[in-house]
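One chain, chain A, appears in both complexes that follow, with chain B as partner in the first and chain C in the second.
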Partner chain A sequence: MKSSSDPVWRFLAPSFLFVVLFSLYPIIESFRLSFYRMILTLPWLGQKFVGWENYQDLFSDPVALQSLLTSMAFVAVTTPMEVLLGLGMALVLNESFRGRGWLRAIVLVPWAIPTVVASQMWRFIFNDRYGLFNFVLFGDATDRYWAPLAEPGLALLSIMVADIWKTSSFAALIILAGLQGIPRELYEAASIDGAGAWQKFRHITLPLVKPALLLALLFRTIDALKVFDLVFVMTQGGPADATNVLQFYGYKKSFAEGMIGYGSTIAVAVFLLSLILSLIYIRLLGARLLAQERPT
Partner chain B sequence: MKKIIFVAGVSVIGGFSLLPFLWFVTTSWKTATEISAIPPVLWPSFHWEHYHAALVQHGLLHYIANSAIVAGATTVVSIVIASLAAYALARFKLGWGRYYLLLLLALSMFPQIAIAGPVWRLLSALGWLNTYHGVVAAYISLSLPFATWVLTIFFKELPYDIEEAALIDGCSRWQALRFVVFPVAAPGVFTAAILVFIHAWNEFFFALIILTYPAVQTLPVGIALFPGEYTMPWGEIAAASTIATLPLVALTLFFQRRIVQGLSAGAVKG
Partner chain C sequence: MSLVPCFGLPSLEMKILLAILSLCLSGSTALAQTQLRFVSWRSEAAAVWDQLIAGFESGHPGAKVVREVGPHSSTEFHDLVTQKLRNRDPEMDVFFMDVIWPGEFAAAGWALPLDEYFSVPQQKEFLTAPIEANRYQGRIYGVPLFVDAGMLYFRKDLLAKYRLPPPRTWPALVDQAKLILARERDPYLTGYSAQFKQYEGLVCNMMEFVISNGAALWDEQQLKSTLASGQATQAVRFVRDQIIRTISHRGVLAYQEPESLALFTQGKALFHRNWPYAWEVANDPQRSKVAGHVGVMPLPSFPGHKSVAALGGWQLGISRFSRQPRLAWQFVEYMASHDAQKQIALATGRGPARAALYRDAEVLAKHPHFSARYETFILAEPRPRTPVYLPLSNIMQRYFSSAIAIPDSNIDQLAGVATRDMDRVLDLLRERPRP
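And now, the complex of A and B:
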């Protein structure tokens, strides 16, 4: 039993097995299925090769276009908000004060809660008859109460609010790790030179925390493109497809309607979109990893 | 003045993070009249009916058991598989090791919908739909990227000399991992395990498509599909949500330092 006699593949084989069976094969299979027409739950009806027809349908499908725009709007609003709020939280958490451990634990609460629970919670807060949201806006004037989840203009905003609440703390943690890497001496030196709080923030904190901000932004972008749970529970994609984000539309076509061929076409489109984002991400951050020297 | 602003900041952050959820938790102790009251009732009458209804009528204990089995099995198996891979990636001189890590990173970013149909068909062909092992298999592949990354980072940081001594004394690589590296790396392994567990406990999308029989469904599916045709049973939903969240809040409060460390190791050091 010499060290050299242990083949490396024995350590990696289980990992390979899962990655190939449940990640790589399904992606390739999604591509293949996107050229077929078939019903998910009725496989005995067979699959019919239809060439690029599903893709032609996708490009002329107004709901798909709306879905893409909805997802884009969701990403564009939530991610900057989350990073901004996360930065605020991280700046406070980076100070030393009594009860810091408690505040850090409290900030983690929205992150730890199941998204489905957060969705039900916000659905309750946005209730049209006795939701806290309406009471805060209109008080006792119940005749003026809104139904935010039933109005096309407000439903997406409501889901954005829920997402920002749920995930800002994740951004805060990443940014906090960045802040903790800034050497204290820089601030001390700046103080000696007579710099104020704002100048220190502007000229020391901000430039040095930029990589962490970028990382938080990219992580949140990739996650925001996957939003599903909030939509499923709060609006089911409605009203009038106003919250029908890509992941939900793909789910609806593939599983609720069973159109696995067309559903796969949507899946491929979402996949390519994420792939582009992932490549940008890996270029920005993976380069550092590739350059890194191996230990020992 | 500066102190006042700081205290205000702390209060706003604490309130923003905690109050919406506390509001939902207090709802679980209110009577139906209190729930729909305008102006809202701030202090509940600590009415436990909804817990009884959720646990007995809606079989919440059953969902809890399913979630515990699925999340527990996912955590144990993922950590074992990821530790093996991470050990190889951290210690063997593999030219392509870093490309495998990048592949895992890329996989973790793909939207679930990109693989959902084929995963469903694969599980269907295996007869694994509506089974624990079916959903656990899908969850393992979801958690491997994160677990492998975090563990590789932890293993790389461990000093090599004890292990080297063990190898020179005739230990196999396998024994070195099992008896030397694993015990020393226990804190890191534990951190990864907590995060994998929380993720598996909360996962909804794959649970929704794989588990269609209530007998095997997990808590998130039970809570999302909570039955209520004309009026939403908010008290019961809030009670079920509180119960579903309790283990997570407990984990977070106890292990917040580790969780923060694990999340930032996975994110920043990568």
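And now, the complex of A and C:
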């Protein structure tokens, strides 16, 4: 047992306090509020304990269920795309060639741009009259121009494209770190054994980079589940609620409508959802790492 | 407080420490005068505002107005102001209020009732609609500063070319647009450019159609939604089938004010619905290709009904958590005075809230269209006042957007869902204790 005078505790205390104050306390407070009916604009209703009522409302709220599906669709499309593209970018950036340093910096630019700025840029790109998107596709044939952000069927897809453009390089960064941890000798040995490029990729790169891939997948999944700023800037949840992701719906409930209880319930649902997904990933990830360490 | 002594000290830490110290000290010296904290967005005529504030300060020795500039978007400004109010922040005395907020801020106990300062005869000097918008359960919570109302802009030259009179009814507008679009053969030209994106502006645009067909959004006495009424759904169906499908391109479904105005000033829209500020922009040769060819008039109505404009605009409110409400009121009174409003109106062309300014020779000389605008302003319809306006608005935004953006939407069913959801929110108001 370590005593409290052990210096370890003194070193840990600041970060521990930070986590308690800025993560644990808000999470617990959200949980607590989700059991109350509290509407800021109707103060005479007070803060009434309602048990599971908010959760029952959540499960019977068609808008919430629809936005859950929208969020899930967003995660299901963007994360695999981002990890695949990230893998491709990482493989290129891992090769040595002239100007690699520059290329590495350039690839990171989309990720370094603040999301609000990037979202505004994509909103212009997808504008139906002067957007680059239409000009590239149709040139001067203005009568064929699309309005991606005005079509319920295309708006979500447009936001997905913006997200993939923006965060693939983040996945690339993590995967690149994984690639650099693979010892050169393995490839040299494989070359001597007569393995081709595909065989080296399939039997050396892929198995050894898997933990990094899973890590990238984990980060991107949690982030995609929480997507907010792209929607806020590009569509405000419309048209026809087609881009009303869960996190944006929760924001509208808590901040615009002042429905603190119900808004917290949505926040808790998002939290639990990402917790479950993280646990699944960590299980997979942990198993891999353990499997690697065992044969010593 | 001077930083001179620390220039001799080489260490960076020492400099930072001293800087922090001096900040603390300068904070405490400022307490000698009374600070009045004013939260607004940045005006188009910032110089005039600075002058006015300086004028107030010189008339009130010891008072210092500290401005905090918030975002221009109503939704984001609402986030900022309500954040301060729900934290009971005494560091905000006076703030801008959108015309839809007084009900909410009054019920939440955030805005100070101004009846003891703002007498009924004083109120009578303002336009009626914005005063009504600031009243909640018999008490007044804000002083109107600017008035906005939806108006119809049109291309005078194109209507003249086809010898058409400005349309008085919505069906006439659609017929004229169809005719002109067919003859002009410009694939870029759109018939009606307005704000049909899913956001607050959509409610303004759609309520103008719904109410000008003799329907209403909801019944304020019965606390029941009326969106499923035949006249209301008929108006919504008209927008979907006649406006969006027939004379506009689908891009308008993603437009807020700036995009819809840009289309008009580029000469690519025949009719355009916007707030009064669009007049200055559309007639400025620097910013508009159609300057000089723009007409403006009240919005059309459906045959047999009255024209309706959604009321917009901004008010000054005082926080209930202000430690100096009397000084705050003096500031509000000064900013909303005849002279201050006149200076702002002359500089910006925003509609002032004081009725007399629409007959002021100097103002009319600068903005001759103000007399016509006055007609719209006295007819303008406030969005219903209620502390649950934003939940209701979000339900309506969802309904209107789904109804008009999906070409084969089942409007009756969507209206039924919206009615049910709105009634649930309105039911919350029944639990109110009688005051």
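One rule holds in what follows: the second predicted complex is superposed on the first by the 256 of 296 C-alpha atoms of A that agree within 3 Å, B and C clash if a C-alpha of one lies under 4 Å from a C-alpha of the other, contacts with A are read in each partner's own complex, and residues count from 1 in each chain.
One rule holds in what follows: a contact is a pair of C-beta atoms (placed from the backbone, for glycine too) under 8 Å apart; a residue touches a chain by one contact, two chains touch by 3 or more.
Fair warning: this is a prediction, and the values are worked out from it, not measured in the lab.
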First, second, both or neither for A:Val268, with chain B first and chain C second: first
Partner chain(s) touched by A:Arg129 [first = chain B, second = chain C, both, neither]: both
Chain B versus chain C as contact partner of A:Pro239, first or second or both or neither: second
Chain B versus chain C as contact partner of A:Arg184, first or second or both or neither: neither
Residues of chain A touched, compared between chain B and chain C (which is higher): B
Partner chain in contact with A:Ala212 - chain B first, chain C second, else both or neither: first
Touching partner for A:Gly250 - first (chain B), second (chain C), both, neither: first
Touching partner for A:Arg98 - first (chain B), second (chain C), both, neither: neither
Chain B versus chain C as contact partner of A:Arg283, first or second or both or neither: neither
Overlap of chain C and chain B interfaces on chain A (superposed complexes): 40, 43, 127, 129, 142, 255
Footprint of chain A on chain B - complex, ascending: 2, 6, 9-10, 13-14, 16-18, 20-21, 23-24, 27, 35-40, 80-82, 84-85, 87-94, 98, 100-107, 109-122, 124, 137-138, 140-141, 144, 148, 156, 160, 167, 170-177, 198, 201-202, 204-205, 208-209, 219-221, 223-224, 226, 232, 234, 237-238, 241, 244-245, 248-249, 251-253, 256-257, 259-260, 263-264, 267-268, 270
Footprint of chain B on chain A - complex, ascending: 1-3, 5-6, 8, 10-12, 14-15, 18-19, 21-27, 29-30, 33, 40, 43, 88-89, 92, 95, 97, 99, 101, 103-122, 124-125, 127, 129-130, 132, 135, 139-140, 142, 165, 169-170, 173-174, 176-178, 197, 212, 215, 219, 222, 225-226, 228-229, 232-233, 246-247, 250-251, 254-255, 260, 263-264, 266-268, 270-271, 274-275, 277-278, 281-282, 285-286, 289-290, 294-296
Residues of chain A defined as touching chain C within the complex: 39-45, 62-63, 127-129, 142-143, 145, 147, 149-152, 155, 235-241, 244, 252, 255-259
Chain A contact footprint on chain C (complex, rising order): 75, 78-79, 82, 86, 104, 107-109, 187-188, 197-199, 249-254, 259, 263, 268, 387-388, 390-391, 394, 397-398, 401-402, 405-406, 409, 417, 428-429, 431-433
